[in-house]
Every structure is written in structure tokens, then in C-alpha cells.
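As written, the chains take the letters A, B, C, D and E, and residue 1 is the first residue of each chain.
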Amino acid sequence: MVVVDRFRITDTLREVWRPLVGLFLLDTLVTIAYVGLNWTWIVPAGLPLPLLGTGLAVFLGVRNNTAYARWWEARTLWGSVLNNSRSFARGLTLLVVPPEAEKTRYHLVHHQIAWAHALRCFMRREDPTHDIAPFLSHQALARVTQAANPPFAIQREMAELLLAARREGWLDSIEASSLNTTLTALTDSQGGLERIRNTPMPQQYAAFSRVFVTAYCLMLPFGIVPDLNLLTPLGSAVIGFVFLALDESGRHLEDPFMRSVYDVPMSAITRTVEIDLRQAVGDRDVPPPLHPVRGILR
Amino acid sequence: MVVVDRFRITDTLREVWRPLVGLFLLDTLVTIAYVGLNWTWIVPAGLPLPLLGTGLAVFLGVRNNTAYARWWEARTLWGSVLNNSRSFARGLTLLVVPPEAEKTRYHLVHHQIAWAHALRCFMRREDPTHDIAPFLSHQALARVTQAANPPFAIQREMAELLLAARREGWLDSIEASSLNTTLTALTDSQGGLERIRNTPMPQQYAAFSRVFVTAYCLMLPFGIVPDLNLLTPLGSAVIGFVFLALDESGRHLEDPFMRSVYDVPMSAITRTVEIDLRQAVGDRDVPPPLHPVRGILR
Amino acid sequence: MVVVDRFRITDTLREVWRPLVGLFLLDTLVTIAYVGLNWTWIVPAGLPLPLLGTGLAVFLGVRNNTAYARWWEARTLWGSVLNNSRSFARGLTLLVVPPEAEKTRYHLVHHQIAWAHALRCFMRREDPTHDIAPFLSHQALARVTQAANPPFAIQREMAELLLAARREGWLDSIEASSLNTTLTALTDSQGGLERIRNTPMPQQYAAFSRVFVTAYCLMLPFGIVPDLNLLTPLGSAVIGFVFLALDESGRHLEDPFMRSVYDVPMSAITRTVEIDLRQAVGDRDVPPPLHPVRGILR
Amino acid sequence: MVVVDRFRITDTLREVWRPLVGLFLLDTLVTIAYVGLNWTWIVPAGLPLPLLGTGLAVFLGVRNNTAYARWWEARTLWGSVLNNSRSFARGLTLLVVPPEAEKTRYHLVHHQIAWAHALRCFMRREDPTHDIAPFLSHQALARVTQAANPPFAIQREMAELLLAARREGWLDSIEASSLNTTLTALTDSQGGLERIRNTPMPQQYAAFSRVFVTAYCLMLPFGIVPDLNLLTPLGSAVIGFVFLALDESGRHLEDPFMRSVYDVPMSAITRTVEIDLRQAVGDRDVPPPLHPVRGILR
Amino acid sequence: MVVVDRFRITDTLREVWRPLVGLFLLDTLVTIAYVGLNWTWIVPAGLPLPLLGTGLAVFLGVRNNTAYARWWEARTLWGSVLNNSRSFARGLTLLVVPPEAEKTRYHLVHHQIAWAHALRCFMRREDPTHDIAPFLSHQALARVTQAANPPFAIQREMAELLLAARREGWLDSIEASSLNTTLTALTDSQGGLERIRNTPMPQQYAAFSRVFVTAYCLMLPFGIVPDLNLLTPLGSAVIGFVFLALDESGRHLEDPFMRSVYDVPMSAITRTVEIDLRQAVGDRDVPPPLHPVRGILR
């Protein structure tokens, strides 16, 4: 995710320079043909650009609003991963009272850290073994890495740990219910993230908006060259840039987990979970927070 | 649901080729008449296309936004079916403590799988018997298939099983309340899905938007032929395509359960419920996840 | 509520034929005067229809979006009436354990059915006595029909029944709390429905949008007759139809309880409550579900 | 709040007649100068009204949508005051079991009525003493009226009453938790209402929209007089009316507590709280509901 | 945050006077060149300003809507900090019964005040030591100021205090669960605020909208000077002002914690927390509420 505050036109141009250069070349050719060679027959008497623009505006409005909403929902769900991880750790302090349950509490907090890392890897379709190994026992690790859904398997391990604690008498049914409520909130966050990852934006919005923007840009120089003459490439580039940028902006927000610069910073968030929870149980060798690399936080 | 990432113009064209071909034919006829036969009298001095376009833009904006919101709400409700099924299974592990309740716990998880399958069939107005038979006893199956609302009947069976467990003393009132909360969340998801299936979009939006888009497309070639001449069929097709695509996009999202390619992938979701829950209770012959067939996940 | 899937232009025309015929007559008069009698002085050199159209588009956009949101909120609240009625019945099964509480449980489910019927009548400002009499004792019926707010009075009766059950020792404080949570959800649904019924859309949106659409339609033929000549009535009718339809669509969704064809199907929903809950307590003479009459479900 | 159903143009005109008359006078002057005196030099060759109109449409769209959302949120929060007051009264019936707690229950319901009245006065920055005195003891009244935030002080009194009941053994910790949940919902409603009252709409939207609408209206007659001639005052008034009405509509919804005709009917809602809760505890001299006065419900 | 009700044009102009003066200078130069020097060649035959305006309208519409939603979400989250702080204090009264727990209750309320102040400083990246020192013990203060996340560390201190109270037998598991629920709500508010602070608006919206508005304003005088002549600087300034104001309005709402005049009034809100909670535990030297300074509440 981009976190720099200063606007750098180079960054944003980098995204659309390819179609923009293509558009500029077309504009120049049209201008040479029309102004230089006087091939006025290449331009129809009037192009219905405003009619096309109105339809395009509705398309791009709907698409950008929904793409932003998806991206913000993904970000909010990752926020709730952090919130509920903290609440689970604090709940363990408050609700698992006996001093002899200390070790179980410690293990549960470590499982919670492993869950956050496993969820991040699951979202990116990566192997979680390396990231979660420090926080799980050998047997638990084996069971988790074999499961179809590793984060859900870690939650099952946590439920088993809590069940063992209940059978020891360290937890009553109220405390178990209360911790179960937090686990349910974590399950909901995971399910929400899977939903966004597994459900692409309806293809028609994504595909059509690209097609229509391209068609609009191709028609643009023919429509404005009679009026703008030599300024056509400049004028066409500016207008084309607006529509290309709208299309690109929507495209980047559509998939919040695809390791682009507009990605939700999942590594940084899971690192914060690790720091906050390990500080909470008194671990010493807590890693530092992740910092943006060249303005990008992963 | 379409899950391929690459844009295939053929897929999207398949949806609108019929009206597009009709529009193209009309355009060609108008062009031949106006340019070839010089019947200039067929074209009025000026057509109020921008005025019509403004009204159409409001209509299509409202309609596409609400259709998308319906579709996403349906998808989110199916997501909560998955989340709460997982939470119910995990809650049973944590809240039903005595080892002798093992078998009841196993039956309840199987009932939960049956509930998900029954809900899918209920949404598609199909007979659930075949899909739920493996998970229910003969008597329960008979009671469920006779009920007006099979998923609700399965929930009643689950309540009876839990009541029997309470009378055995395996559950206290807190544990029962806590599991009841998850069942309530499942009832809410089911009710939300029934609401979307039983409440079509207000007909005026659906019907009028088709009528107005058709009217607009019929007027289009007459309006642009004086300027575009021989290019009329091309220009008219591009603009008509934008509005037809907007109308089609809204139409497909309106009914998320109608087995179109934009359908919510209910079979895949209920299969995931089955996999996750059967792995959770240690079943062996767990079926594989569903995969997209030619880019479509059902 | 309209539930037919096929588009019938006659249905939708029925809503706007009056203003449409008026508009057509005006158009014809203007066309006769301008084209037939050559009274060109009746038409100003240029009418600022696009300027008016822009303002109108903002108005109609805001209005239709909010009207749709109201309608969908009303439908969702009725959905939650159904969901929570089911959850209350299931909760009674699970949380009221002693066999000797059977009769109280039965009465409570019947009270819940009465509550749904009373709420429907309260929304439509009808007398609920006939609909709720089968489900209440004589004394309860007398108290309920005297109250300012019958559904709230039924909930008080239910609280008294539950209190009596508590004093018998059939319910502990946890079970009472848990059922109270469901009753609170039902109170919230009722309050939400009262809020929508008692709070009309801000009058300025409703009133102004009709005024402005009318003004626009009156100006329309004068603006387009110089270009369209004899086609003026047709062109004006199409454009006027778009704006009239937008205005009508918003108007119909504004009040979801007014027994129009766009009404929320309250009779059908409360019938479903009755069927599901009576099946749940084993009643025999369960009525059939309501079916649409000529495509309309009440 | 306006609750009449019939549209009365006079009501709505009353809001905007001042600027409308000003606009009409300007229009007339411009028309006299241009048409009568033939001062054609007062009108530039072309005014960029559509360019200004586009920017204005975005502004007014954003502003009216957010103003409506604020107003509806305020109305919904007042609705939740009513819902949770009813739920609190019903919860007391169900959760405070011992017959000897009757008097405490009665006092708590009266405190709840006082809370609703105090909240209304707090929103309107009025002295609540007169309205809440009948429902509180002398000591409680003294403490409440001295507090910075009277409704919050009444909630503290209620917590003390409940604490005393707990020390008497009339409430166990579960019942206290459950009632505390309802009190928390009431605190949230109060906080939400304070948030809306204390946070005006961002000034730039309110201020700029008025400035831009004024600028647009001032330019309007100059832009249309060459085309409309003697009809300029009429045409300009209609278009100006649309934009002035949009601006006014947003302005009125912005502040839902300012005793305008678009106000949330707080007096009526708190009266309903009083009626429903006093009927619930068997009071006799229950006041009648408030009725609209000349179509306005306060 | 601006809280004055009266519109002061000077305030709002202060935000955009720089670009506006630049625009005015350009306009004047263009006017002098075109009208005075008769350099008509500097102006192309027609500038596609409406085409650019349509794209810009979509951009600014999406951007202003999302920026407002961010700002309102931040404000709502701060509102929930206040609500839940009050609910936590009231919950302590009701749920921590024994008279000997008085001192612990007092300390917990003071910790809650410290949490609100620490959260404000954390949002503004300031050192919280001075603001929270009066409410914490020396040891607690040392632990908190060392932590990576001071507010989370204060919540851990509160959990330890509550755990000690549980071990004393002053709290049962139900009361602890209930207070834990409120602490979870506070954790959620904190996490939501961190999310907004750490996630800037997608840069493309912010950066591109400024670029496009600038491009539009640069083209504006060339596009309108042939029609407006000497009035060009005025006309161009009015239209440019609309778009600059739209861009600025969005920019200011984007970051609700940056100490601008559109900032959420965090100091005032945390002061209210302090006043309400200290009055609730009977402190005497309660500070006065913060008042706006020159119409701005911090």
C-alpha cells in the first residue's frame, strides 16, 4: 500500500504510461494526417463523443464506487483481525484466572499469532509453514499444514486447548462462551476475507469498462482534431488520461490481495499482531514493526 | 460465477450479441437509405439524444448500483452461512464438554452440513432429499422432507438434539444459550437469502430500463447518420453497446440465484462447508473442493 | 408486491398513462400550431432544457436512491420479523427444558404468531382483533385490544408468561436473558417499521420532483418541435416518459405500507410466520401459504 | 416534521420565495435592458453555464446525499431511544423477579421516561427540570440538574438503583449484565445524537453550495435572454428554482434538531415513550399522543 | 473542527485563495493577449472542456463521497470512544458490587480516562506522558510509556486490575465477561481509528484529482475567452473556484487527524470523557469543557 503523503506524479504515471504513449502516438498520426497532409476525409463531420461519455460516466461511476467499497471492506476486515487478536489476548488475561493456567494462556496467544500469519499466507496462496512454525508445537504444525484451510485448523487447535483447560477446571462455561464469542468474530473476519478473494468483481464491469475507455480514446483524436489542430495530441492526452486513470484506479482497488502497490498491507498488520501479542505475554525478542520501502508498505 | 481473471471479449459479447446484431442491421439500413439512396427526409433536423441520455443515465445509475448491492448482499449472506457453520462446529468442540457427548456432537455437525445443502436446494427450488440423506437419520429425513421449509425443519431437529443433550446434563444453560446464538445467526442468514429470492427488484426499474435503452438505440442511427455517414453502423454499435451492456450487467446481478454465469457459487460454498466440517469431526472420505468448469464456478 | 418475472408493458404503463396522455395532447397541439398553422412565434429561439435536465438529474438521483433504500429497509425489517419469530420458537425449544412447561411454550409460540399479525394490522392501521383472537386467551385479548400499541402489549403478555415460568422454576436467569435478547430484536424490528411508517420522505424531494418533472415536460415540445417537426409527439412522449417513470418509481417505493402493487407483502410474510411456527409446535390445521393474485403478492 | 401527505405548493414555496423573488426581479431587469432598451452589450457572446452546471451537480449531489443520511441517522437514533426504552421496561418485568422489587421496578421505568425527556431537552439546549421532575425523587432531581450532562446523570441514578437492588439480592449478576446491555444501547443512542448535534456538516459543502448556486442564478438570465427574450423571467425562474430548491432541501436536513419543519419529531417520540412505559407499569393518567399541528409534528 | 454556524466567506476563501489568484492572473494574461493584443491565434477553434468536465465530475464525485465517508467514520469512532467510556464507568457501578472494591473501581475509571488521552496522543503521534500521568500509578505509567502502543498497554493494565479484583472475589465470571465486552468495543474503536490513520486514501484519487483540476483550470480561460471577452477573468474564476473547492473539500476530509480546521475535535471529546467520568466517581476539581477558539474546536 502506498503510504507516502507527498504526491509524486512519476508514481502515478508509471501505472498508465503504456496506454498513454499509445494514445499519444495515435494522436500524433491523426494530427499529421489531418493538419500536415490535409487528409480531412479521415474525420467525420461530427463524432458523438458526449453521448458515449455519458454512458461511460455511469459505468465508471458504478465501477469505481464498488471497487473502492471492496477495498475498504478488505482493509476493515484486516483491521478486525488485529482488533480481535488483541481482544482475545486481553480476554485470556481477564477470563482465565488460575495461575496454573499460565502456560496454556501463553500457548493460546502464540496460536493466535500463528493464526494471523496463516491467514495472510492463505490470502496470498503461499505456504505458511515457515511463518507459523515458531508458534506451534510439532504435532499441531503437522495437523495444520495438512488441512485444506490452515487458519481454520489453527482455530480448531485453539478450541482443543481451551477444552483441555475446561476439563482441568480452569475455565467455567461462561468464560468459555465469552472466549468463543471472540473466536467467532475472528472466524467472521476470515470468512469475509475469503469471500472477497474468491469473488471477483462481476466481469462485465471490469471488462466492459476497459473496452469502452479504449474505444473512447481511439475516437478522441478524430473528434477533436478539427478544432484543436496542432494541439490535438496534448488535448487528447489530457482527456484520455482522465478516463484511463479512472479505469486503472478501479482496476487496482478491485483485488486487494494481489501484491500490487494498492495492496492491503497484510505483512505489516500481521507483524503488528505479533508485536502487540508477544509484548502482552512478556516475550523479549519482539521483532520491530515493518516500515514502508520506497513509500510502499506491504 | 465467473472466476477467470483474463478478460475474454467473446464471453461478454455472448450476452449482448442478439440486440447488438439487431442494432447493427438497423444502422446499416439507415445508412443505406440516407447515404446510398439519399433519402434525407428519414432523418429529422435534430434528435434530442442528449436529453434522453441524461434521464437514462440516472435510471441506469440507480439500477446498477442497487442490483450490485443485492448481489453482494446475497454473496455476503452465503459467506455468513459458511462462517457460522464453522463457528457452530468449533463451538460444539468448546462448549459440549463431556466425552460421552461425542456422538451427539458428531450428529449435530452432520445436521449442520445437511442444513447448508438443504438451504442451497431451497434457494434453487430443488428437492434436497438426495443431498441431505447421508447426514440425517431415516426418521429425521422423513420429517424434514415433509416440512414446508426443510432448512428450518433441520434447525428444529438440531434444537431437539441439543435439548436431549441438556436433559442428559451434557450442556448447562449457558452453553445452550451460546449455541442458540449461533443458530440464530444461521436463521438470520437463511431469512436474508429467502428475502432476496422472494423480493424481485421493483419491476419498474428492470422493465423501464430495457424499454428506454431500446428506444435510445432505435433513435441512435437517425441521430448520428448526418454526421457519421458511412461510419454510422460502427459508431452507433459502440454507443449502443455501452447502454446495452449497462442494462445487461444490471439484469444479471438482479437475481443472484438463477443459475446464470453471474450466480453466487452456492454449490462450491456448501461443498466447502461439507469439507471443513467433516475434517473437523475426523471424517475420512471427504470430497474434494469444486473447481471452476470453463471459468465458471457453480 | 409484484412478483411476476415477465415484463408486461401494460402494467407499467398503467401507472403513468394519465400524465403521458396529457403530455401527448400538448405535444400534438404544439405540433399542429407550429407545423400546420406555421405559428413559429410560439417557440422561443432556444430553450435551456439541458440546464434544467442537469438539475433534475441530481434531484431524481437523490430521490430514487433514498426511496429505494427506504423500501429495502422496510423489507429487511419484515424479514427480521420472520427470522426472529423463528429464532424465538427454536429458542423456546432449547431453553425451556422441563416437560411440564410444554403448555407455556405452546402459548408463547401462539403469542408470537399473534404479535406478527398485530404488527401487520398496526402498520396498515387496521383492527387486529379478528386476526389475533385465535392465538390469545380472552383476558389477554381484552388487554391487548385496549392498548395504544397492541404489538407492544402482546410482548408485555409474553414477558408476564415468561415471568410466571421463572417463578415456577422452569427458567433460570440465563435462559430468561437469552429469550429477552430475542424479544429485544423483535422490539427493534417493530420500532424500525413504526419509524418508516411515521416518517414520510422529506416533502421537498417528493413535491419538488413532481413539480420539476411537470415543468420539464411542459417545456419539452416547445424545445424540440423546430427539429423534430411532425415527430414531436413521439419524441416528446419518449423523453417525457423517462422522467415521469423516474418520478413514479420513486413515489411508489416511498411508502412501503400503502397497499399499492409495490407494497411489502406483509400478509404473505405473517402467513409464513404462522405456518412455520404452528408446524414447529405440532399444530395440524396449518393454513396454506399465500400465493400471488394476478402477479401481485400482498 | 412535516407529516401531511398532500402536496401543498405553498408550503414549499414559502422556503425559497425570497431568493426566487430576487431572481425574478433580476431576470426582469435583464429582459427589459436587453429586449426593451436593446442593450445587447450587457450579454456576452456565450456563457459557460453547462460547465458551471456540471461542477454544481457534483457539489449538490454529494451534499444532498450526505445531508439526507445525517437526517435519517438522527431519526434512526431517536427510533432506537424508543425501542430500547420499551426493551428496558420489558426486561425489568422479565429479569427482576421478586415481588418485593415491584417499587424499584416502578421507579426505574419512571427514570427511563425522565431520561428520554432529559435527552430531548439536552438536544434542544433547554432546561429539563420541568419535564423530568414528575419522574424523579427530589434528591435525584437535584443531582441530575446540577450535572453537566443530565441524561448521563439519570443513567447513573439508574445504575445506583440497580446496584441497591443487587445488594438486596433481587438481581443476580446475569440479570444485572443483561439490563446493563440495554443501558449501553441507550448510551450509544445518546452519544450518537450528541455526535450529530455537535458536528456540523463540513462548512465548505454548506457554504460553497450556497455561493455557487447564487453565482449560477446571477449568470442565468444573461445566458438565456438572447434565446428566450420575453420568456426569460419565466425560464430563469424555473431553472433557478430547481437549484435553489436543491440547496434549501440539503440545508434543512443538515441540522435535524433545529426546530424547523424538517426537525425530527422529538416531542412526539418522547411522548410515545412516556405513554408506552406508563401503560406498562399500570399508571392511569397517561397523556394522549401528540398530534400534528397544521401538518407539522414536533 | 469548524463549529460556527454563520457562513464566513473569508474562512472558506482562505483555503483556496492561492490557486485562485494564480488562475485569475492566467485569465487576465489570456484576456489581455486575446482582447488587447488581438493574438487570436493563442486560442484553438474549440476546446473539449465538456468532455474533460464529464470525466472530472465522475472523479470528484467518487472522491468527495469517499472522503466524507472516511471523515464521518472517524468521527463516529471517536463518538464510540465517548459512549463506551461512559458505559464502562456505568458498568463498573452496576457490576462491581462489594463496597471494598471502591478503590479498584476508582482506579479503573481513571485508567479509562488515561486510555482516552493516550489514544488521542497516539493518533496525533504525540508523547502522552504529560496527559496520562495524573491518572496512573508510577509503575503503570512506566510500563505504558515504554510500550509500542500505549493505549493497548493501558487496556492490559485494566485487565490486570480486573483480574486482581476477580482473585479477591469481587467479580464473578459473568461480571468479568460483561466488562470484557465493553473493553472489546473500546479495542474496536481504537483499531478503527488506527486503520483510518494508517491507510491513506488511494493515492490515485487524491493525486489525479489535483492534476486534472489543475489541467481543467489551465484550459479554462482559453476555452471561454472568445465568448466572454473582458469578462473572462470573472467567469473563469467562478468556474475554477467550483472545481478547486470540490478538490479542496475532499482533501481536507481525507485525513481527519491532521490538525487542520476540519479535524475531528479529539481534544474536546477526550475532555468530555474526563469530565463525565470524573463526575461519575465524585472527583471535585473537574476541568471545564473545551470551547471553540475563533470558531474552531480542537
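Here is the rule we go by: a residue touches a chain if its C-beta (ideal position, glycine included) is under 8 Å from a C-beta of that chain, and two chains touch if they have at least 3 such contacts.
Since we're looking at a predicted model, the values are computed, not measured.
Asks: Quick one: which chains contact chain D and chain E both?
Replies: Looking at chain E and chain D together, no chain touches each of them.
Asks: Find out how few touching-chain steps suffice to connect chain A with chain D.
Replies: Graph distance in the chain contact network comes out at 2.
Asks: Centroid from C-alpha atoms only, then distance chain B to chain E, rounded to Å. What do you get?
Replies: 38
Asks: Could you work out how far the Cα centre of chain C sits from that of chain D, in whole Å?
Replies: Each chain reduced to its C-alpha mean, chain C and chain D end up 23 Å apart.
Asks: What positions in chain A touch 2 or more of the other chains?
Replies: Where chain A meets two or more other chains at a single residue, that happens at 50, 54, 56-57, 61, 65, 174, 177.
Asks: Following the ring of touching chains from chain A through chain E, in what sequence do all chains appear?
Replies: A, E, D, C, B
Asks: Help me check something: in the complex, which residues belonging to chain D touch chain E?
Replies: 44-48, 50-52, 54-59, 61-62, 65-66, 147-149, 152-153, 155-156, 159-160, 162-163, 166-167, 173-174, 176-177, 179-181, 183-184, 187-188, 190-192, 194-195, 198-200, 202-208, 210-212, 215, 219
Asks: Considering the complex alone, what residue numbers of chain B touch chain A?
Replies: 1-5, 7-9, 11-12, 15, 49-50, 53-54, 56-57, 60-61, 64-65, 68, 71-72, 75-76, 79-80, 82-83, 86-87, 90-91, 93-95, 97, 172, 174-175, 177-178, 182, 220, 223-224, 226-229, 231, 235, 238-239, 241-243, 245-246, 248-249, 252-253, 262, 275-276, 279-280, 289
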